[in-house]
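Following: one structure in C-alpha cells, then a few remarks.
Labels A, B, C, D and E are assigned to the chains in the order they are written; within every chain, residues are numbered from 1.
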Amino acid sequence: MAVIGAFAYEEDFLAAAENLKASGFDNISLLSPLPLEEAQEVLGLGKSPVRRFSLAGAILGGICGFAMAAGTALVFILPTGGRTIITLPPFLVITYEMTILFGVLFTLLGFHFVSGLPAWRDKPYLPSANIDHFVVVVEGAAGEQVARAEAIIRDAGADEIRHVEEDQ
Amino acid sequence: MSISVLDALRPAKKPALLTLVLVIGLFVGAWVHGKYLSDRSPVQPIDFSHTIHTTDNEIPCQHCHIYADTTPVAGVPSVSKCIGCHKSLPDVREGPEILKLAAYWENREPIPWIKVHDVPDFVHFTHKRHIKAGLECQECHGSVETMDRVTRVVTIRMSWCVDCHTEKEVENGRDCWTCHK
Amino acid sequence: MSKISRRDLLQYIGAGGVGAVGGVLYGESVQRNVELLIPQVVPPDDYSPGVASWYNTVCNQCSAGCGISVRIREGKAKKIEGNPVHPVSQGRTCARGQAGLNALYNPDRIRTPLQNAGQRGSGSFEEISWGDALATVGSRLGRLKIENNASRVRLLTGRVRGRLDELFAQFMGLLGSDHYQQYDFTYPSALMAANKTSYGTDVLPYYDIKNATFVLSFGADYLGTWISPVHHSLAYGHLRHGQEGRRGKTVQIEPRMSLTGASADEWIPARPGTEGLLALGIAHALVSDGRYQGSDRDEWSTALAAFSPARVSAETEVSDDKISQLAREFGASAASLAIAGGAAAAGTNAVASVVAVNALNHIAGNLGKPGGVIFNSEQAFSSAAASRPAGHQGVLDLTEAMEAGDVEVLLVHDANPVYALPENVRFQQALQNVPLIVALSSFPDETTEMADLILPTNTYLESWGDDVPDPGVGFPVASISQPVVAPLYDTLSAGDIVLSLARQIGGELPIRMRWGTMEEFIRDRWREEYNKRESAGEAQEFEAFWQASLEAGVWGQPGADSGGNSVPSTSSTIASIANPVSMFAGGESDYPLVLHPYLTATFLDGRGANLPWLQELPDPMTSVVYGSWAELNPATAAEMGIKDGDVLEISSPTGTVRVPALTFPAIRPDVVAMPIGQGHKGYGRYAGDRGANPIHVVANQIDTQSGELAWAATRVKIKRTGEKLQIIKTDGVTRTLGRQILAPKNDHG
Amino acid sequence: MSTFVEKLRSYRKPGYYDEFDYHWTMTIDLDRCTGCEACVVACQAENNLPIVGEERFAQSREIKWIRIERYWEGEYPNVKMGFIPMLCQQCDDAPCETACPVYATYHNQDGLNTQIYNRCIGTRTCAVYCPYEVRYFNWFTYTWDEPLEQQLNPDVSVREKGVMEKCTFCIQRIRIAKDNAKDDDERRVRDGEVVPACVQSCPTEAMVFGNSKDPGSKVSKMMKNPRGYKVLEELNTSPSIVYLTKAHS
Amino acid sequence: MFDHGQPSYAEVNKDVLATMLETGPKYWILLGTTMGVAGICFFMPWFYQLIVGVGAAGMNRNAVWGTYLSNFIFWIGLSHSGTLLSAVLHITNSPWRKAIYRSAEAMTLFSLMTAALFVMVHVGRVWFVHWSFPIPNQMGLWPNFRSPLMFDVMAITTYLTASSIFIYMGSVPDFAAVRDASTGLRRRLYTIFSFGWRGTAREWHTLGWAYTFFAVFVVPLAVSVHSIVSWDFALSIVPGLHHTIFAPYFVCGAIYSGTAGIVTVMYCLRKFLHFEKYIGQVHLDSLGKLLIALSLIWSYINILELFSSWYGGTSFELEALKFRLIGFYAPLYWEMILFCAFVPLLMLSKKIRWSWNKMLVISILINIGMLTERFIIVATSQPRKFLPDAFGFYFPSWIEISITIGSFAIFATLFLIFIKWVPSISIYEVKETLKPLRRDA
C-alpha cells in the first residue's frame, strides 16, 4: 500500500517530507516537476555515486583507446609516413576520444543504475507531479502506518491524498 | 496512477519476437546457403572423376596439371592431353563421358570447365611458389583425389591466406603487396 | 511462459521462413559469378599460362626501323619494349612505338573486305568476301595486262622497305607497270637530293651524334621526329653524360623551339628560310679564321666570299658575335657535327640549305670520322639497299596522271595522301578520275574512304616482313618482323594480298611469284642472302641461322664495318654552294607571318592520331591534348590582342584553317607554328574531327633544285574570329616561381 | 618482457627498414631527359591506365602515373625549357601514408609506398597531402573500347571508380624478378634485373632504377653524383627518387 | 527574462506540449516540402553519383577535395552551437541558457548527422566505408589510427553519441510530461522514452549529477572535434592549410557559426511555435554579445593567418595567399570578410542587437560567410600546392551545388520531425527560471 499526497506549495511538501522522515518512514519518494535541492537534502542525498561510474568509464576508455590503437598497429605491422609503429601523438588523440566516449557511456550506465530507471515495476505516480504539484509518496506502508502517513500529509496541507495498491 | 515501462513494452513483445525470428531466419538462411546451396561443387560439362584417375589409377596431380610447379596457374589439361590417353589405352575408349570428350576433340573445341576455386581479380596468386614451398595440393584443395566431382572445401578469404602466411612465417607474408596487385 | 496459440505459431514460422528465404537470396546475390576454365585444345609448345613470352619484331610507327620486343600472354600482345639486341633501338622505344598496341587492338580497324556501297567518299561500305574482292581486283588487273594497258595501274604505298618493297616492285614489274610510287610526308627528300649533290650518292649517312661533342642542328628535330629519334636519343644521352669527363654541347637553330631545341644548350631563332645562309656564314668564319687547311682553301674562300658574317647576320637576324662564336666552337670541338632537317630542309631553298650544312661538315673535317658523318658503305642485303624515294615529286606526278585520266586502277597501301598533301595539290579531286581505287589498309582514313574496294591488311604486329634500317648504324643490319599475335580479324598481310592477286591474275605472275605466303617469300630471300654470304651452307645451317635471327629479331655483323669510314667524293660541294634563301608564297604585306608547320613527337605526320594513348599524351612542349592549336609569340599575341583559346582564322594564299591560339614563349614573333597530326576527317573515333591540318593550307611551293614540296615556305595572315575554344592542357603554371624543383636550392639562389 | 620491449623498439625507424634487403630507388638525370614522354606511354601500357577521353581530360581528370612537367625560364629569345618527369617519389616519410584511414597506403619493407586498390575507400586525403601531386583518383569506372581491353596487363588490377592509384615502381615486375630470384637458389635480385616500364623505355637512359642498399648497384653510384638533389627537399619527405640537375658544358 | 510576463507552471506545460500535440496543415506542407527538396536535391543526385562515380562532382586531380568536404566542415561547425554552448552554460550556471538549449542541442545533433552524410557523399566507395571503423572482420585488419581521418571518425562518432545522450537525458523529464499529456500509443512510447520517469528527488539528483558529468565530458569533446577536423587540413603540408593556428581558428569559427545558427533557429521557434513568452530579448542580447566577441576573435585569427603566411615569405605560402586574396575566388573571400568580420560589428548598437529581424539577417549572413570560408579553405589551397605545373582550378558541379542545397533541406526535415517528437523547450528548466511555487511568493 502506498500513500500519495499532492501539494501545491513547495514548503508544505518539504514539511510533509521532513515530518514523514522524522516519523520513521524511510521508503518515501518526493516527486516534483523540477529539481529541488531541499527535497534531496531531506532524503540525505549527497554526492551521487554516478561520479564513480564516470571516472571508471573514463579510465577504462583511455586504456581501451590506447590499447586499440596500439594493438591495431601491432597486429599488422604497416609503417606509415616514417613514423614509429606505436606513434604516441596520434594514439593519444584516439585515447582522448575513447576516454570521453566511455566516460559518457558509463555515466549513462551509472544514471540508470543509481536512479533505478527504467522503472520496470508499477510505481505510484500523479501526473500533476510533472506540472505544478509536489507529491509525496510513502511506499510499503502497511496497517497503521497508512493512517499515520496520511495524517502527516494532510497536516502539512496536501491538496489531494490517495492510496494505491502496489503490486510486488 | 502508476507508471511501468514493462506495461508500455508489452504490446511490442510480439512484433519484436517476430522480428527476432525473422533475423535469426536470415542468418540461418545465409548460413544454409553458404554451407549447402552455394555452388561449391558445380556440375561440370564432363562428369570427370578425380577418384578414378588419381586414386584408382594412381596418376599424380602434376601429370595433368602440368603447369602447377612452373607457373602461377596450375592449368587444366588440354583436350589433346585427355584424348591422348583415352585414345591410346584401349579400355577407356568407350563410355558416355569419354564420348563427350571425343566429341570436343573432334570439334577442336575446348571444354568449358567451371571454376571451383577462384581468387578475385585483385589478388596475385601463384601456384609455383606454393608448391615450391612444399605445400601439398590437398592443403588448399582438399582431398580432390577422393572426389568424384570437385568440391570447394575452403572458402578463399583473406584471413585464410593471411593466417597460413603467419603460421608458416612466410617472408614478407603479411605485406599487402605480396598478394594484392 | 504463456502458451503460444496456433495462429501465433504459424506467424513465427512464417517470419522464420521469410527470413530464411531472404538469407538464401542474400547468399545467392553475393555469390561470385561462375567463371570458366578454358583449356587449350592443343597447347603450343612454348605455352605456359600466366607467364609472358617475348617476341621480337620491327616497329612500323615511323621509318626508323627500331627493333621491338612484344610481350605476349595467353596469345595477346600486352606491351611493346625496345629489342635490347637491336642496334637501332637498343632496348628503348619512343611513345609512338609503345602505342603500337593501340594500332593492333584499335576498335576502328577494318575487319573484313569492304566494297563501296554508295557515292565515292560517302563512307558507306558493305562487306564482301575475300574471294570476291580478290577476284574483282585480279580480273581487272588481268584484263589490263592482257590489253597491254598495265601502265594504267598505279601503286602508291607509304614508306615501305625490305622484302615487301621488293614484292611490290616485282608485282608491278610483272604486271607491266613501272608506276610504283611511295609517299611519306616525313621522307627527307631534300637531304637525299643534297647528299646526291654533295657526295654524288643519295644515301642517308649515319650522323654520329653519340660520339660528337658539338652538335649544330639546323632545324632537325632529331630527338623527336627526325629520321631515327630513338637512336638519336640514345646517342644524345651518351653525348651528354656517356663520356667520362666531358659533356657534349648541342645548338639548335629553328624559328620555333622543338623538343630538340628545348634540350639544346643554345636555341637560336634565325629568320625562317635563312638557316642555310647561317651555315654558310659560319663556314665563312671558319675559313677566314684559318681553321680550314685543306688544299682547296682558296676556292672555299672565293665560294664563301659573299657570305660574310655581317651580311649573314643582317639576313638571319643572328648577331655576328654569335656567328663567330658558333664558328669558333664548331671548329674547335673535338668532334663537331652539323645536321639539317625539319623546316630548314623544307623551303624553296631546301637542297641549297642542306648542301650548305654539308659544306660546313666538310670544312670542319667531320666526314667519315667518329662523332661526324659516317657513310655506310655496305647495306645488309644488297637488293633491299636502294631505298625507294618517297618524296612528293612522285605523288605530284601521280596526281597529274590521274587528272589526265591516265590511271585506271589505283592501289593504295598504307598511305594517306588525301590528308598529307596540300589542298591545292588537288589530290582528292584527281581521285575522282580513277575508275577503281583499291585500298590496302588496316584503318579507315581519308584516302581509304575514297576507295571502291578496301582490302583490310594485318597490322605490322600480325605480319611477316623484314627491314633494313635507313640510315644504317655503321655496319650491316637487317631485322625480321614476324607476327607476334594471330591476326585478330579476317585480314591478310599486304604481302599475302599481293601474292594472292598474282595468283588471281595468272599468266607468268604466279610462276615468277611462286611463294604461297609472305613468310615463305621472306625465308626464301633470307636463304638466298645467307647462301650468298656463307657460300651455300647446309640446309640445317640456314634453319639454325633463321631460327636465331627470328628469335633475336635482327641479324647484323658489327665487325663488318670496314667500309664505314670511306667518304664519298665531295668534289662537287664547292660548286654547288648557292645563295640559300627561301622564297615564300604570299607577300609580306598581305601575309605578315610565316607558317611553321611541324611534325609532332606524338602523331608524326598524323598517322598516330587514331591511337588513343597518343591522343592522350600531352604535347611535349605545350602539354596540349586532343586538338590542335597555333603557337604565337606572347609579344605578337599581345600586339594583336589575342589570348589563349581565341579561335584564329589562319589564311595562306591557298587556304584557310581555324584553330585556337596558344602563346608560346619560344617562337619568333614573325612566325606562327602549327602542329601537324590533327584535323582528320575519317580516321576513326579517336582522331575524330578535332583540330586542323596545317598541311592543307601549305601552298604548293616547290624546292627549286629537287622539285620537292617546300612545306615550310608559306606565309599566312591571322584573324581573330571572336570565338573561343578550350585548349585542353595539363600544365598549370609553367614557371618554377623560385621553387626547388629543377635544381637544388643552393643552386637556385 | 625485455624481448617485447626490444621488439617494440625494432619497429622504430630507421632500424625497421634496415633489416630488409632492398630499398628501390630511382635516379633521373634531367640533363639527359628530353621530355619525349616515352615513359608516359610506357607506364600507361604497363599499368592499365585508362583512356579517359577528351571531356574528362578537359576536366583535369587524366590519370598519368608519370608525367612530364615543363618549366620555362627567361623570356624570348633567351628562353629555356626544363623538363622534369614527375612520378610517385616513394617517400620514406610519405605524407600520404599517414593520411589513409584504412591502411590502403603504407610503406613496405622494400621502401615502397604501396597502394592497395581494393582496400581504398576513396577519401582522397592522400592526394591532398601529397606535395608532388602524383596520386590519381578514379572518378569513374573506365572502360576500354572493344578490343582495346585485350592489351590490359593481367598482372595489374584494373581499378574501379572511387579508388586512388599511383605509380608502384611497377611492383608486378619487382614481384616477378623476386620470384625468379627465389627459384634461382633463393638469391637476391640482381642489379638491372628489374626495371619499371618508364625506365625500360627511356630512350636517353635518363632514368636508372635499382636497389640503393646494394652499394655496387648502378643507382647507388648515380646517387653519389654531385648534381643529385631531391625535389622539394625542404619538405623532408625523404623521396626515393634522386634527380640530377641539368649541367652546363 | 520574460518579455511578456511570467507564465504559470501549468502554462509552460501547456504551451510547450501544444507545439507537439497540435499539428496544423502548415506543418505537413512544410515537412513535405523539405522532404521533397531533400529527396530531389540531395538523394537523387547522390544516387546518380553512386552509379557513375564521384566524377559526377566537379572535383579533379588538382582539387580532390571539394564542396562536399567544405560542407562537411560547415555542418560540423554548425553543430558546435548547441551541445558545446549548452554544456558550457550549464557548467557556468547561466539561467538564460535554459529556454534555448534544447533546440540548440537538436541543431548539434542534426548538423552532425548532415555532416556525417557528407562524409558518405564525399568518399569514393561508400559501400566500404565501414572499413574505417574498428569493427572485427575476417581480414584481421583494422583502421590506421595514425590518420587524421581516423581522429575524425572517432571524434565524430563520440560527439554524435555524447550529443545524443546529452539531449536525450536532458529531455527525459519532458518526455514524462508528454506521456502524461497523451494517450494511447503515444503514451506508451513516451513511457518507454521517459524510462518511467516520475520526478522523484532521487531521480532528479542522479540526473543532475549525470547531466553535469555529461556537460563536463562534452565541453572538451566539442573543442577536440573541431580541432581534429581542422587537423585534417593542418596535418597536411599544403600551403594555406598547414597552419598551427588552424585548431583554434576552426573551433572559434565553429562556435561562431553555431551561435549565429542558434539565433536563426530561435527566430524560427519564436515565430512559428509562438515561444515569444520564453525566448526573449535577454537571449537575443546575450547571443548578440557572444557573437560580437566571437567575430572579433575570428577576425583576429584571420589576420594572424594572413600575417603568418606573409611573414613566412616562402613561395608556396605567398602564392596560396595571392590566390586567395586576388585570385578567381577573391570575391568570395572578401564576401566572407565582409559578412563575418564587419557585418557583426553592427551588433555593437543595442538597437540592432535588440531587433529580431535585424539579428536574423545578421545571423544568416554570418553563416553564409562561414559556408564561404570553408569553401575557400578547400577550393583555394589545393589548386595551388607545391608544383606550379600542377596548379589547377576547381569549380563545383551542379551535382555538388544541388547536394549542398539539399543538405539544408535534410537539416530542416530533421528539425521539423524533432519539434513534433521532443519538446523544443525544456519544460522543467524553464520552470526553474520561474518564480518558485511558494505560498509567500
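In this section, contacts are C-beta pairs under 8 Å (C-beta built on N, C-alpha and C of every residue); 3 or more make two chains touch, one makes a residue touch a chain.
Note that this is a predicted model, so its numbers are computed, not measured.
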{"item": "Chain-contact steps, minimal, separating chain E from chain D", "value": "1"}
{"item": "Central subunit by CA centre of mass proxy", "value": "D"}
{"item": "Most distant chain from chain A by Cα centroid", "value": "C"}
{"item": "Chain of greatest Cα-centre distance to chain E", "value": "C"}
{"item": "Pair exhibiting more inter-chain C-beta contacts, B-C or C-D", "value": "C-D"}
{"item": "Inter-centroid spacing, chain B versus chain A (mean Cα positions, whole Å)", "value": "58"}
{"item": "Interchain centroid distance [CA atoms averaged], chain A/chain E, Å", "value": "30"}
{"item": "Distance between chain centroids, defined by C-alpha means - chain A, chain C (Å)", "value": "87"}
{"item": "Chain B-chain D separation of Cα centroids, rounded to whole Å", "value": "36"}
{"item": "Numbers and ranges of chain B residues touching at least 2 other chains", "value": "3-5, 7, 120, 126, 176"}
{"item": "Multi-partner residues of chain C (at least 2 other chains)", "value": "50, 731, 734-736, 739, 741"}
{"item": "Residue numbers of chain A (touch at least two other chains)", "value": "76-78, 80-81, 83, 90, 118-120, 123, 125, 127"}
{"item": "Touching pairs among all chains present in the structure", "value": "A-B, A-D, A-E, B-C, B-D, B-E, C-D, C-E, D-E"}
{"item": "Residues of chain B defined as touching chain D within the complex", "value": "120-122, 124, 126, 128-129, 132, 172, 175-177, 180-181"}
{"item": "In the complex with chain D, residue positions of chain E that touch it", "value": "52-55, 58-62, 64-65, 122-126, 128-129, 131-132, 141, 143-144, 146-150, 153, 232, 235-238, 382, 385-390, 392-393"}
{"item": "Chain E partner contacts - residues on chain D that touch it in the complex", "value": "56, 59-63, 69-71, 86, 95, 98-103, 106, 119-125, 127-129, 131-133, 136-141, 160-164, 232, 235"}
{"item": "Residues of chain E that touch chain B when the two form their complex", "value": "138-140, 179, 187-189, 191-192, 195-198"}
{"item": "Of chain E, residues touching chain C in the complex", "value": "62, 315-316, 319, 383, 386-392"}
